[in-house]
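Following this line, the structures themselves.
Each of the next two complexes has subunit A plus one more chain, namely subunit B in the first and subunit C in the second.
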Partner chain A sequence: MKDIRRHWVLYTMFLPVAIYFIVFAYIPMAGIVMAFESYTRTGGMFFSKWVGFDNFHYFFASGKAWLVTRNTIVYNVIFLGCYTVFSIIAAVFMSEIRSKFFKKMTQTLMFLPYFISWVTVSAFVYNFFNYEYGIVNKILHYFGMEGIDIYSNTSYWYFLLPFLYVWKWVGYGSILYLAAIVGIDQEIYEAATIDGASRFQRIMRITLPLLKPTMIILILLGLGRIMRGEFDMFYQLIGNNGLLMDATDIIDTLAFRSLMGSADFGMASSVGVYQSVLTLIIILTANWLVRKYDRDHALF
Partner chain B sequence: MSSSTASNRKLNSAPVFTAIAYTVVSIIALVCLIPFVVLLAGAFSSESSVISDGYWFWPRDFSLDAFKFIFRYPGDVLSAYKVSILIAVIGTALSLFCSTMAAYVLGRKELKHRNKLAFFLFFTTLFSGGLAPYYIWLSRNLHLSNTYAVLILVPMFNVMYILILRSFISSSVPEPLIESARIDGAGDLRIFLQMILPLSKPALASIGVFTALAYWNDWWTAMMFTTKDPLIPLQYLLYKMLSSVNLSSAMSQHVTNLDAPKETFKLAMTVIATGPILLVFPFVQKYFVSGVTIGAVKG
Partner chain C sequence: MQRNRKRMWLMLALSVMLTFTLAACGSSKDKETESSGSTTDTTKATDTDSKTDAAKTDKDSSTAAATDTGIDHSKEVKLVGYLLGEAPKGMPEVMAALNEKLKKDINATLEINYIGWGDIASKYPLILAAGEDVDFVFTADWNFYVQEANKGSFKEITTDLLQKYMPKYYEKQDASAYKAAQVQGKQYMIPTTTPDRKVNVIVLRKDIMDKAGLTNPTKISELEPYFAEIKKDYPNMTPLNLDSQYDLPAPFGALVSEKFAYAGAPGDSGDPSGVGNYMDLEDPSGKVLSITDEPVQGAFKYAAGIMKQWFDAGYVNKNPYSNKVRSKDNFCESKAGVAFGNSIDIQATLASCKEKGIDTYIMPVLSPSGHAPANSWLNNGVAIAAGSKNPERALEALDLLMQDESYVMTDYYGIEGKNYVLTSDGKLGLPDGVAAADNTYPPDAAGFWFVNKDFLKPSVSWTDSYIDLNNKVKDYLIQIPYLGFSFNSDKVKTEIANLKNVSTQYFLPFAIGSVKDVNASFDTLVSKMQAAGVDKVKTELETQASAFLAAKG
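== the complex of A and B ==
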């Protein structure tokens, strides 16, 4: 208290942000009680009828719990893996390019997809994969092959979603890894060159091993987000397509549909709590691993 | 000097490898670019050529019909532009000002509770109540639905940006400078306004462009919290037009669906909604690039 009185100006300067997070984060956090209530408009968030774990029973009995958990984890692991591999490939090859102009131009092009919303990406997907007019089917027809209809067949999405994810993020990731490569001491390369190492050997024996710490940290931090699936992406690209639901339903889309589609507040709030608890456990575990590996990069 | 150029020449002396590097990077860059080319080609094609031959990499029959069609009744598009620009400008300015102010406070060593305050912010990234309470609290208790405020407030702060700003301020504003200002009689608010803000310009530029981009691309808030046309931002308008075959309300009052260029119309609308970002992008790219790296090193 004495500290607050003495430095009241500083504390007041912090106030706008503090109020924001109380109103937009902490009060909704207390709204977790909703998951244990049968929500009614009159009872509101905090005073509806207490029903214990009924909402959770209903959620787990619906058979959706395992499906969305599996989809969320599988997609996110694949996304993270592909993103890491392609970002490193792009960064390593970019670091080998000497032409400043070429480097700048390709970096600009790779970074372009980062700037557009998933709404725009969904227009691209329409543009390419529309059954009648899409460019992919036009090319397939040209070679005398059957057209494909991605909106009625789940198998295409197992490739398309990771592809689009990498497409959107590879520019960002390559900048990140390129910065790490640039930070590597040039003398190591010069020494290796004098010892007769080829460029390929220098990459395999110097660049990649020295990128490992950055890579491990970024992967562990990425793992912390694994329960929060790219809602924007899934919602924009697939929407409420019933044919694709089993293959592409993730925790976030289920919570969204229960809330905005069927106004099933019990389901929506219990899914939310389930996700938050899993997220917290995974972040704590990932952070514990980061700390063991490299204290300086731990989140807390 | 001469020895380093000699070794540089040696580093470059593998023509096959150089060729592979250029090829791989070119392919990735092209894959990133091509969808934009196809989009433009489709938007500038005539509806009849798309119906008969489909989309292609260049317009097979150049036409501005889709754009003319949209700008015959531009009410919705212009209103959405206005909303998007307004929330991006006001939101980014407010967000940067408050974030930097909080970041400065978090870095003051004389505050005993500064780490508790940082954790108070940080905890919100670890745990949340989920979508349902958030939605109900904002729409039914705070009655924020259908207001400009909700579009500005929901995407406003990012805890990571505040923490990055804190590290930036403590590493780039020397402590003695602040001390001497204090001895000269400047209060904390004045130190913040006249020293910290101007000295933080490089970080503010980077975080500002990321924040503005988040506002510009935000369709989620509008989908969750607005139902009234005058409040619809550009990305949500685009989403509504793409997801339904329907035209915007202003247009459908005037035209029957029959004479609308349905296929090229969607693409032209996408060009209109995305164009501003792609035009501005080359000029601000360097701030984004430096933003990615300061976030990575210090976040």
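== the complex of A and C ==
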């Protein structure tokens, strides 16, 4: 209490965030009970029939539980890796650019895809790669080459999905890292320059090591989303295309597809609970690992 | 300290206020976008009036309850209905006309909102579950009727209610329709009094048929030369330009129908016949068939074989999953070589082709015996939402909208002189200077499919072949043993969920012919279906089906 009085400004600043999380994260947590109920309109969220783990049954009986869990994790690890690497590279480049105009220009252009929704992106992709009249195939035909059919071939997607993900998010990520770079004490660079360090050496020896704390925190935060597939992306780009599904099905799309028609809220929440539990385990493990090796940078 | 605390409370109050104003901004914006999508026509003033009134009615509904003799209309109410599809451009004017009448007759105004075709599966249950401001909603056996009724989303409809509030309807309706609409012994739907008389059709272009040397084809499998001709001479046209929803299983279904009377439910519906259990619709014993039983297995392999040939020959668009445009909607634009539809919804296509000077040929999709199943009452209907505040008034409004000729002409055809004219011989025509393509309120487009269709008129734009087809439809239709049967998937929802998933992943590629090997992928489909529990669904389906047949006698 004394602490609150002394730092009341800080606490007030924290207040909106606290309210946000209480309203949108902690209160809805009570909804977890729905995963164990057979939801009816009259029973509502808390008074429907209790069915225990019945709602979880369908997910594991689908025979795809392991496949989609693996896909979700693998895709997200690749996404997170590519996103981190490319964001850092972009941020470092950006910090080394001297021309202000060029810098602002690239930043804006890189940031732009962040505002485009996946629905629109899927329209782009469709018009680029559509077999009958897509731009790519028109160009290939022009040079007398065979057209490609990405919608019945899984291999293209292993490249295309991470590429699109990076394209969309790298502008956002690079700004986070750029902010961290700007925060690095300029005197260190000056000292290094005087000592005769080349630009490359300055990046490798000063910028990157000093970015490590930011990186660890952002990765740990990113791990929190690792079980939540990028639903918009997969759903919009792949949709109901059965041929691609073994390679591109994630937990979210599987649940959406199977439960769409039945609108069974209990079964849908069971998938959410499954994801949350796994996420909790992953975060605790990752944080434990970080704490073990680098105590200062752990989240908690 | 004291001062600090005061300041803190001030800050808190401020931030709370800010949050609320922000929230208010957000929600009012929401409302704006919502109403721009919907179609209220009442002016702002009456709008708010009716809202407060509705609230009032709600408050003192106990005291204002109608007496037995008459129905109390003293409180004005605003009713909200949800239909499927999209609001036609001319909707505001039509709603104004309807509301003028409704206000006079039952002191109510109506607002109609639409659930777009692509959003039905996600939005329809949500609107009902959220207990949003909704009084009545379109429902049908193919549109979640049984599932939602099971969940208690609809208000029970009793004979007393119908007699009292829907006298016109009650007089017209066949008693067995009520029985068909029962879910676990209770009726929740107000089914149409006039089940559609329609068959699925395939529309071809006469000019291409002539070039391909095709005269009077009756089966889809005979169309190979037609497709080849398109591939050769029409580089911008895809013979089978399928969309992700309706068209995708359509050619496959038509091919299977050449072998036995196949229902061909869409892959993502809860209907078990879409996902692994089938019936020969004309088999009087009503035996439930697995995919491995004959004639299903043979017919499926036959159909998939042909589809694969066509797919490999480039007659099918490569990615129908991402295509949202139905073939009937770009058929006249020369993008699709074939239009799929039914004999009712294809009218607009035929009319606009006629205007463009494209001659069409219509081919009904029939079973080997030359028949098509008659539609059940449940094919189109309307239900009262469980959360409706004015169910009685909603029923009265529906009675007028469905069974009063002047209302039906307005809600189905629009405004006379603007959207349609009646010719001297009682046919429906377009006013001078209006083309079918720019009619702001095309017939059938507004989603009032549950109206009494005996009031509908023949159209002057009908082509001879369409009139011919329409005359024959009666003879094509037969009463199938399972007319009016709807499966209650409550006990097997786990299996149904998994089967739907299998259907999307393994059945759809099989049906459009994009698989590498027909036999191998058939075997995969079978094994995946078995793993998903198709046999359990079959047992449940057999139980319900035999109970249905026994009750029918």
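FYI, the second predicted complex is superposed on the first by the 210 of 300 C-alpha atoms of A that agree within 3 Å, B and C clash if a C-alpha of one lies under 4 Å from a C-alpha of the other, contacts with A are read in each partner's own complex, and residues count from 1 in each chain.
Everything that follows uses one rule, which is that a contact is a pair of C-beta atoms (placed from the backbone, for glycine too) under 8 Å apart; a residue touches a chain by one contact, two chains touch by 3 or more.
Predicted model, so just to flag it, every value in this text is computed and none were measured.
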(request) Identify the partner contact of A:I281: answer first if only subunit B is touched, second if only subunit C is, both if each is, neither if none is. (result) neither
Next on the checklist: Under the stated touch criterion, which partner chain does A:Y131 make contact with: subunit B (first), subunit C (second), both, or neither?
Outcome noted: second
(Q) Under the stated touch criterion, which partner chain does A:M204 make contact with: subunit B (first), subunit C (second), both, or neither? (A) neither
With the two complexes superposed on chain A, say which partner A:I27 touches: subunit B (first), subunit C (second), both, or neither. first
Exercise for review: State whether A:V119 touches subunit B only (first), subunit C only (second), both chains, or neither.
Suggested key: first
Where does A:G242 make contact in the superposed view: on subunit B (first), on subunit C (second), on both, or on neither? second
* After superposition on the shared chain, which partner residues are touched by A:I89: those of subunit B (first), subunit C (second), both, or neither? -> first
Max touched-residue count on subunit A (subunit B vs subunit C) belongs to chain B
- Message: Contact-wise, after the overlay, does A:Y58 reach subunit B, subunit C, both or neither (first, second, both, neither)?
- Response: second
First (subunit B), second (subunit C), both or neither touched by A:M145
neither
Shared subunit A footprint, subunit B vs subunit C, residue numbers 16, 39, 41, 122, 126, 130, 132, 239, 258-260, 265
Counting only contacts in the complex, subunit C reaches subunit A at residues 1, 4-5, 7-8, 11-12, 15, 19, 121-122, 124-126, 128-129, 131, 144, 147-148, 151-153, 238, 244, 268-270, 317-319, 321-322, 386, 489, 493-498, 500-501, 504-509, 514-515, 528, 531-533
Given the complex, residues on subunit A that touch subunit C span 5, 8, 12, 15-16, 19, 39-42, 54, 57-58, 61-64, 122, 126, 130-132, 149, 151-152, 238-243, 245-246, 249, 254, 257-265, 267
Residue set of subunit A touching subunit B in the complex reads 3-4, 7, 9-11, 13-14, 16-18, 20-21, 23-32, 34-35, 39, 41, 44-45, 86, 89-90, 93-94, 96-98, 102, 105-117, 119-120, 122-124, 126-128, 130, 132-135, 137-138, 167, 170-172, 175-176, 179, 189-190, 193-194, 198-200, 218, 231-232, 236, 239, 252, 255-256, 258-260, 265, 268-269, 271-273, 275-276, 279-280, 283, 299-300
The answer for subunit B against subunit A in the complex is residues 4, 7, 10-12, 14, 17-18, 20-22, 24-26, 28-33, 35-36, 38-39, 42, 50-51, 53-57, 98-99, 101-102, 104-106, 108, 110-113, 117, 119-122, 124, 126-138, 140-142, 153-154, 156-157, 162, 187-189, 192, 213, 216-220, 224, 235-236, 238-239, 242-243, 263, 266-267, 270, 273-274, 277-278, 281-282, 285, 288-289, 292-293, 296-297
